[in-house]
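Paired with subunit B in one complex and with subunit C in the other, subunit A is shared by the two complexes that follow.
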Partner chain A sequence: HLATSLPLPSERDHLRPRIDLVVFMIDIRSKYSLKNVETSLAYVDASYFLGKVCFLVTGVGRKNDCSIETNSICKLGEAYCSPVLFCELELEGVRVATAQRLVRMLGICAGHIPGVSALSFVSLMRKSNDD
Partner chain B sequence: MDETVAEYIRRTVLKIPRDEIKMMLQEWGFLSEAQLQTLNFHQIKDNISQEVVQLCEENSADIKQAAALDIIYNHIYQNKRMWSVYQMKKSGEELEYFDITDFKKKFKRRLRSALKNVTITFKEYEDNAIWIRVAWGTPHKKPNQYKPSYVVYHSQTPYVFISSSVLKSTLPLLCQALIVASNYHDIREMELRSHSLNSLKDIVFKRYSQNFQTDTPKPLQGGNVEPENADIRIVEENKSEKERIHRLNQEVFGSGPQPKLEFAQYRLETMFKSDPKMDVLDKKEPFRCLVKFSSPHLLESLKSLAPAGMADAPLSPLLTCIPHKARNYFKIREKKSLYPESFVSP
Partner chain C sequence: NFNFFPFLLFSPPHPQEKADPQKTAFLLRKAWTLYSVTPLYGFRRARLRDYARLLGAFIAAEKQKGLAVEVGVELDIKVALSSLPDIRGSELDQAALLVQLSSRSRASSRNSEDKPVWSGWFCSVFGDDLFENVPEHFTCLPLFLSHGAESYTSLVGSWFQKTFDCCFRRLAISPLNLSWMVAMWAGCKLDRATSAVELVFSVPRLAQPLDISYAIHPEDAQALWDTVQKTPGEITQEEVDIFMDCLYAHFHRHFKIHLSAAKLVKVSTAVASAHCDGIVKILNSQYLPGVLMLLTELAISQIQ
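On to the complex of A and B.
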């Protein structure tokens, strides 16, 4: 399901299946994109931040067009305990690899992989010097 | 043949891309087909231009012919110049029959009475456009052929398109001559400028597709908005919002291609409104600020802002009024009334 922002339109509530993973896409060339994501985060239930949220940063292939610092995105990821993935949609190889990663994450979040749950992502987020 | 004429012809030919030289010389018609056959268009341009000058020497070209070649070049490469639009006003409602010979005679007479050293060249094109090239001199110097002014006049309209010379003082003279020759009594510069002459014409002649409100707007089918979305596994949550934006865009911009402008400039002379606690600019003076939007194709980029998610629809009327108001330079002043809003000055 693609949406431009949250909250999702209520008129489609009855048509929507269970949401297992929320991927926030941030275009590194647009400050508006980051702002939109930050506003939308407020509409996500807290339980999703146990591994069912992920940030996907796109447009990283063009270094000259960056409007957002990767530092601020990484801080966002840390604040919400969610992984940050970087990709360039215009490169087919990267696009396909990222899609495969997301599908694998989705499978875990949906509970299709026995023995692994979304909480595993949270433990992976902890920095090694925290222990 | 005069050396300055030879040099001018040589430099004009050098400007032309190699593949187009033959075509332009043919349109010029000054060199015979036989002479054109002797030219080798596969050598470097330096040599081609030298050979052209040789042939012009044989035909005893003068400045008039050289100027004619320059008009042809500038007509084809009109988008290299910056054009401004002027509107002429008639005193009465008399519909006079336009006589091209009379126009040319009056124009030349008016200019020459003010300035003896001018080169004036006319060329008419099929779309009723009269192209005028004027090279300016002084009472003591011959005209500078490298800094001419170009005028495009459609005789059935009150509009004149001018690409003025860098010699700024020549503009009033040019305007004077135009109104005298065309039997108008006044001329004013519109706040509309662009490199694309055709787009300027589209705007003032209202030739671009404008959307007129109809009583029964066509209902938009979801399929029209995203035709490439063939995968049924992808669900658009904000489809109705996308459709709303698309509909608003259609209403504002129409469905056809937009005229090509490169800038929109807003000169703000409004008061700075800040938090009174911040105590910025305690002097109650207008905050002078210039906002300039530039783009290779400004109106198309404005049209794509909302669908791309980069701006909210509807866009500010200050941006969307550009083609309707036929202007892309604005002055925004404070409205001196009970309602402290800014308004756009005429």
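On to the complex of A and C.
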């Protein structure tokens, strides 16, 4: 399900299936996208921040087009205890690899992988980032 | 490395003699194309005359080969290399190096003056901090600025690359860095606030490209910056963000357009103007060192 911002329209609440993972997309070329994500974060229930939220930063291929400091985004990820992924959607290989990664994360969040919970996975990711 | 100055002292830290305004006047009000240059190997200041001769010969030879730069008129290109000792930040910086190409038409009389056709200069303003551990025989002049035909820039660049084993790269300026520049320069105190502060945005993904120009009265911009900046002489990313957010919010209130979703491509102030393609114009001699210091840092960041 794709949305340009949160909250989702309440009229469709009863039709909506369970949401297992929320991916916030930030375009590094648009300051507006960061502001939009920051505002939308307020509408996410706190329980999602136990491994069911991640930030996906796009447009990183072109260093000369960036309008946002990567440090600010990393700080956002730390503040919300959620991983930050970087990708360039315009490169097919990277796009496919990122999609596969997200699907794997989704599988864990939905509880399809026995022995791995969303929370344990996200703390694993955090440990490897710190190393 | 997207962001490399979380704190920036805009006023040069060491008290320095003011550069002679006469000598630096030619640098002002010209559109300079920016490049980053890796350190030059084996460059000797004492050999400037030799280098000028060799570069002149190289250009003549390339023209013979048919890489004509001017069609029709036969032109002899004369090369002059000189040092600009006033253009540096500290004693640790190398003095700037100026390359000037001038032409004299073969058909004209002996009394006719040489006409300047191209100029370029290498400089380093407070670049020393970032060039630690540079081995012997290397000269660091990381910023190169050119004005004139691209064909001459290419010839001069090729000769320097071959002779000193260095590498030139066009220096682009990201919207993030442009917003730093406009915040810094709009806050500069000038004797008379002359021109407006202007920001030009390009709107992506439209059938027809659209540019939005946002002009602000210089005194308003200065007043806004004064309320944002906490410590004079120091600027933080947060302060730049607040400054820009105020400008965006103001624009949105009036026009219902989110400039933060567009790409900032050019900024202009009374101090200097800069375009994302790496083209700057310096308009004020008082702030010349500050502008060059910033550009030097940008160049070094691209090299590292």
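Rule of thumb we're sticking to: the second predicted complex is superposed on the first by the 122 of 131 C-alpha atoms of A that agree within 3 Å, B and C clash if a C-alpha of one lies under 4 Å from a C-alpha of the other, contacts with A are read in each partner's own complex, and residues count from 1 in each chain.
Keep this in mind: a contact is a pair of C-beta atoms (placed from the backbone, for glycine too) under 8 Å apart; a residue touches a chain by one contact, two chains touch by 3 or more.
It should be emphasised that the depicted structure is a prediction, and the values quoted were computed from it without experimental measurement.
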Which superposed partner A:Pro9 touches (first subunit B, second subunit C, both, neither): first
Partner chain(s) touched by A:Asp65 [first = subunit B, second = subunit C, both, neither]: second
Touching partner for A:Lys31 - first (subunit B), second (subunit C), both, neither: second
Subunit B versus subunit C as contact partner of A:Arg18, first or second or both or neither: neither
Subunit B versus subunit C as contact partner of A:His1, first or second or both or neither: first
Shared subunit A contacts, counted only where both subunit B and subunit C touch the same residue: 30, 32-33
Residues of subunit B touching subunit A in the complex: 234-238, 240-241, 309-310
Residue ranges of subunit A in contact with subunit B within the complex: 1-5, 8-9, 11-12, 15, 30, 32-33, 36
Residue numbers on subunit C that touch subunit A, as the complex places them: 2-3, 172-176, 179, 204, 237, 244, 248, 258, 260-261, 263-264, 276
Interfacial residue positions of subunit A with respect to subunit C in the complex: 29-33, 35, 63-72
